[in-house]
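In structure tokens below, several structures.
Each of the next two complexes has subunit A plus one more chain, namely subunit B in the first and subunit C in the second.
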Partner chain A sequence: MPFEVILNIAASGGLTGLVYGLAALGLSVIFGVSRVVNFAHGEVMVAGMFGAVLLADGLGADPLVAVPIVGLALFGTGWLMHRGLVRELIGAPEHRQFLALVGVAMVVMNGLLMAFGPDARGVRVPYAFDAYEIGPLLLDKVRVIAGGAAILVAAGLFAFFRLTALGTAVRACADNQLGARVVGLPVERLYALTFGLGCAVAGIAGCLMTLIVDVHPQLAPDYTLAGFTIVIIGGLGSATGALAGGVLIGLAEALAGIVLMPSMKSMVSFAVLILVLVVRPHGLFGRPAR
Partner chain B sequence: MMAAPDPARRGRLLFGGFALVLAVWPLGIDDAYLVSVAITMLWFAAVGQAWNLMMGFAGQLSLGHTLYVGLGAYTAAALYVHFGIGPWIGVWAAVAVAAAAGAVIGGLGFRFGVRGVYFALLTIAFAEFTRIGFDHLDWLGGSAGFFLPLDHDGALPWADLRGPPLLFYYLLLAYTLGLFLLCRAVIARPLGYRWRAVREDQEAAAASGINVFRTKLAAAVMSAALTAPAGVIQAFYYNNLFPDQAFAMHRSIEMILAPIVGGIGTLFGPILGAVVLTPLGEALTLGLEALAIDLPGLKQTVYGVLLVVIVLRLPSGVWPPLARRLGLGDAATRTPDR
Partner chain C sequence: MAGRLEVTEIELFYGDARALDRVSLAVEAGTTVAVVGANGAGKTSLIRTIAGLMVPARGRIRFDGQDITGWSSDRVCALGIGQVAEGRQLFGGLSVRENLEMGALVPRARAHRRASRARVLDLFPRLTERLDQAAGTLSGGEQQMLAIGRCLMSCPRLILLDEPSQGLAPALVGQLYRVIAGLKADGLTLVLVEQTVAASLKIADAAYVLEQGRVVRSGTGAELLADPAVRTAYLGL
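Let's turn to the complex of A and B:
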């Protein structure tokens, strides 16, 4: 196989990986702050994808236009989910958290199945077949837009946490919950905010994903697992790690698609996950827990 | 009131009665549908019991237990189809393969300190990895499925498990009751106490001289080995195997619902959970059919809601409060979560 072809496949895999990375970033933010493992993350992402599809079908909206709308809607959903359910799980034994969120994932996924049916649905954008030519590379416009937007949203999230007072307060909760309470921070509300933000980011990643793939409810568990794989590779709680892990998985899956068979590509990410869990459980960019 | 003074004796009597009812009812009521529902119920009771050994007593969360069902099913089916070796011998190979897989996963995970949620993800990763691998394993049918021949050469029906559903019902009944008694015996032994010590506080258990690694490994291997026969029974009952069903993650989750509803870390919980859940699921299916509602996903949604409600509101499950009401002590009833 000519080198250019491999390079092209790797590049488009990397761009898709950026969107995976953005979704994983949402997972990582929630865990980093409230230590809750959101097993329903892929389900939220797929809900975001359906949001983009509905807006495209109903209003002819571009997925990029859907981004703020879906983001806001899922921020609200995430906030309510936290107030109604997740709040009770903070500090509970890990297996209880995990199992409750497995239940939430079942409800969301099957809810989507009941609402939209099992068939794949897609968004058609006018620039679907455009491409940029950079040297030997031929990059799909949709992938470039999706990957670029993912970087922008991640940068925005990063700026929020670093530059705003609210973001600093959230980080204070993450560093020392008791200390944050002592200085009078509304820890509960900041947790709800974080869960909302994590869900919004997942939903936005979902909107961007509709540029690249068609959506059906059964994607959700795969995305949840991909999110965990990426976050564990990058290190739970590390923002750079999530994006880098996303690109790594995107690349690995794309290349596995050529070397092995396309249907075997997620085998590679599970193999990577097993390897990282065993060899470096805190991930490539994370710090050891203790 | 004839309250028997000894709760242990009362428990044995009640359990004996329960077992007797399960053994006798099909003789009076010969209904194919009810038998098929009862088969599902006992199957989930058995795999729930095997899973509970690891999660309930040793505190290690596995969300990939369908791996051991699938490996057991494929091993016995492959021996039967490719080599003509019957299930009564094949089941031992199935147990060995599943135990080896449990040893690899537990060995890797526990040796390298993969704990809690990370361990659960490790179990999922292995199950999914295997699922995709079997999709491409042409020797075992790949994603197109692996089928067992229905005819058999005149041997007795139970020799190659080529019999009527009732045969499978009694097989499962024996397996479920046997598992219950085995688990009861194991948790009364020193190993069972070490499991619970590790579950409650791993560091304290290590400090008091328990070899934590070997204790957890024993739970993982036993749980895997005891799950495999359920796979063998499934393979010979349905006569077809698909990687997307045998190794699917949603199967793993379905398998753990019964012990969670019944009560994690109790002996009778997994059985009670299956007795509650399976008829509930069937009633739901029948109700929807009667109303001519075709909504795939509704049953799973109800299970999801149930899972959330139980975990939030009744984390110790249905059995512990019921056992108290009946004046019984489950040999392993754990105190509610800290």
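Let's turn to the complex of A and C:
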């Protein structure tokens, strides 16, 4: 196979991987701060995809226009979900977290099935078949936009955590919850904010993903699993790791699809996961447990 | 400034185990009260209950006449009760500057942030050199300075100091007590929980001895220092 073809496929996979990475970043942020594993994360992402589809069908809105609307809606949903359910699960035994959030995932996925049916739906944008030619690379415009937007959103999230007092307070909570209470930080509200942000980021990744693939409710469990794979590869609680893990999985899946067989994509993802767990159990960017 | 604290008959349980048994104490505004006792006597439980980190099963806590029983820690802090917690409880991954900023996030302190930071750095010049360093990489003494500085950033009216000398070299303990004496001279109300009994009783206007969650003795610091039972049990004399 010509090297140029492989290079193009790798570049496409990397761009798609950035969107995967953004979704996983939401999962990582929630876990890093409140130690809650959101087993409904893929469902939130797919809800974001359907949000983009609805806005495209109803208003002719581009998925990029849908980003702030869906982001805000899912931030609010995540906030309410935290106040109503998730805060009861913080510090609870893992099996309670797992059962409750898998239950939420079931409800959301079946709700989406009832509302939209099982068939795939997509967003048609006028630039769907445009491409950028850069040297030997021919990059789909939709992937470049999706990947670029994913980087911008991730950068915005990094800036929020690093440059604002509120973001620093969230990091303080993640660093030492008792310390945060000692200095009078409103820990419960910061957890709710973080859960809302994580859901918003997943929803935004969903919007961007509609530029690349069609959506149907059964995608949700696959995205949840992909999110976990990426977060574990990148390192639990590491934001940089989530993005890097996303790119790695995107690359691996794309290359497996062409070098091996398309049906072997998932197998390769899990092979990468196993390899990372053996060589570097705390993930590429994670810190070893003390 | 005020800062009067009144704890009345509070009881605290961990499951079935009683950690505090009808503990009462009064701290007049601008005074320093020491709470001494052996490990497991309930000193930290008392501090954490006052600070809103634990909810008592019974009893009342009043601060400047306001009933704050069962309030969350952020509301207690916002009212002007600061805490230097056992083990310091710093944000080890955050810089010294960020740790100090976190202390000033309570609403009553935001407007005074710059002045408070200048005051803290004046009190602990060593921290100026360390502003961009991660708090977890500081020495024990520097960490304790930061813990006190972070507390002062919240412009407290009352400070709960839980084992501030724990893990410090003797030379640093002397320095620490000079700082505490300075805070007292500034008119702050202090509740000092310590295992370094002699030093804390010397500085205290009043003191309480806790044993198995109960107040078994109280008096002025000087009275308790002279009490033969206290001298035998806690000073090894």
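Here is the rule we use: the second predicted complex is superposed on the first by the 286 of 290 C-alpha atoms of A that agree within 3 Å, B and C clash if a C-alpha of one lies under 4 Å from a C-alpha of the other, contacts with A are read in each partner's own complex, and residues count from 1 in each chain.
Note that in this section a contact is a pair of C-beta atoms (placed from the backbone, for glycine too) under 8 Å apart; a residue touches a chain by one contact, two chains touch by 3 or more.
Since this is a predicted model, take the numbers as computed values, not measurements.
A.B. asks: So, does A:Asp130 touch the first partner subunit B, the second partner subunit C, both, or neither?
C.D. replies: Neither partner.
A.B. asks: Is it subunit B or subunit C that touches the larger share of residues in subunit A?
C.D. replies: Between subunit B and subunit C, B touches the greater number of residues in subunit A.
A.B. asks: Applying the document's definition of touch, where does A:Glu4 land relative to subunit B and subunit C: first, second, both, or neither?
C.D. replies: Touch partners of A:Glu4: none, neither subunit B nor subunit C.
A.B. asks: So, does A:Asp175 touch the first partner subunit B, the second partner subunit C, both, or neither?
C.D. replies: The answer is second: A:Asp175 touches subunit C but not subunit B.
A.B. asks: Once the structures are superposed on A, label A:Pro93 by its partner contacts, choosing first (subunit B), second (subunit C), both or neither.
C.D. replies: First partner only.
A.B. asks: Kindly classify A:Ala165 by the partners it touches after superposition: subunit B alone (first), subunit C alone (second), both, or neither?
C.D. replies: In the superposition, A:Ala165 touches subunit C alone.
A.B. asks: Is A:Val183 contacted by the first partner subunit B, the second partner subunit C, both or neither?
C.D. replies: It touches subunit C, and subunit B stays clear.
A.B. asks: Once the structures are superposed on A, label A:Asp57 by its partner contacts, choosing first (subunit B), second (subunit C), both or neither.
C.D. replies: So A:Asp57 meets neither subunit B nor subunit C here.
A.B. asks: Quick one: in the complex, what on subunit B touches subunit A?
C.D. replies: 55, 59, 61, 63, 108-109, 112-114, 116-118, 120-122, 124-126, 128-129, 132-133, 135-136, 249-250, 253, 256, 260, 295-298, 300-301, 303-308, 311-312, 315, 337-338
A.B. asks: Which subunit A residues qualify as touching subunit C in the complex?
C.D. replies: So the residues of subunit A in touch with subunit C come to 165, 168-169, 171-172, 175-176, 178-188.
A.B. asks: Applying the document's contact rule, which stretches of subunit A touch subunit B when the two form their complex?
C.D. replies: By the definition above, subunit A touches subunit B via 37, 85, 88-89, 92-100, 102-107, 109-111, 113-114, 118, 217, 221, 225, 228-229, 232, 261, 263-264, 266-267, 270-271, 273-274, 277-279, 281.
A.B. asks: So in the complex, the part of subunit C that touches subunit A is made up of which residues?
C.D. replies: Those residues of subunit C that touch subunit A are 51-53, 72-74, 76-78, 83, 85, 89-94, 98, 101-103, 105-106, 150-151, 154.
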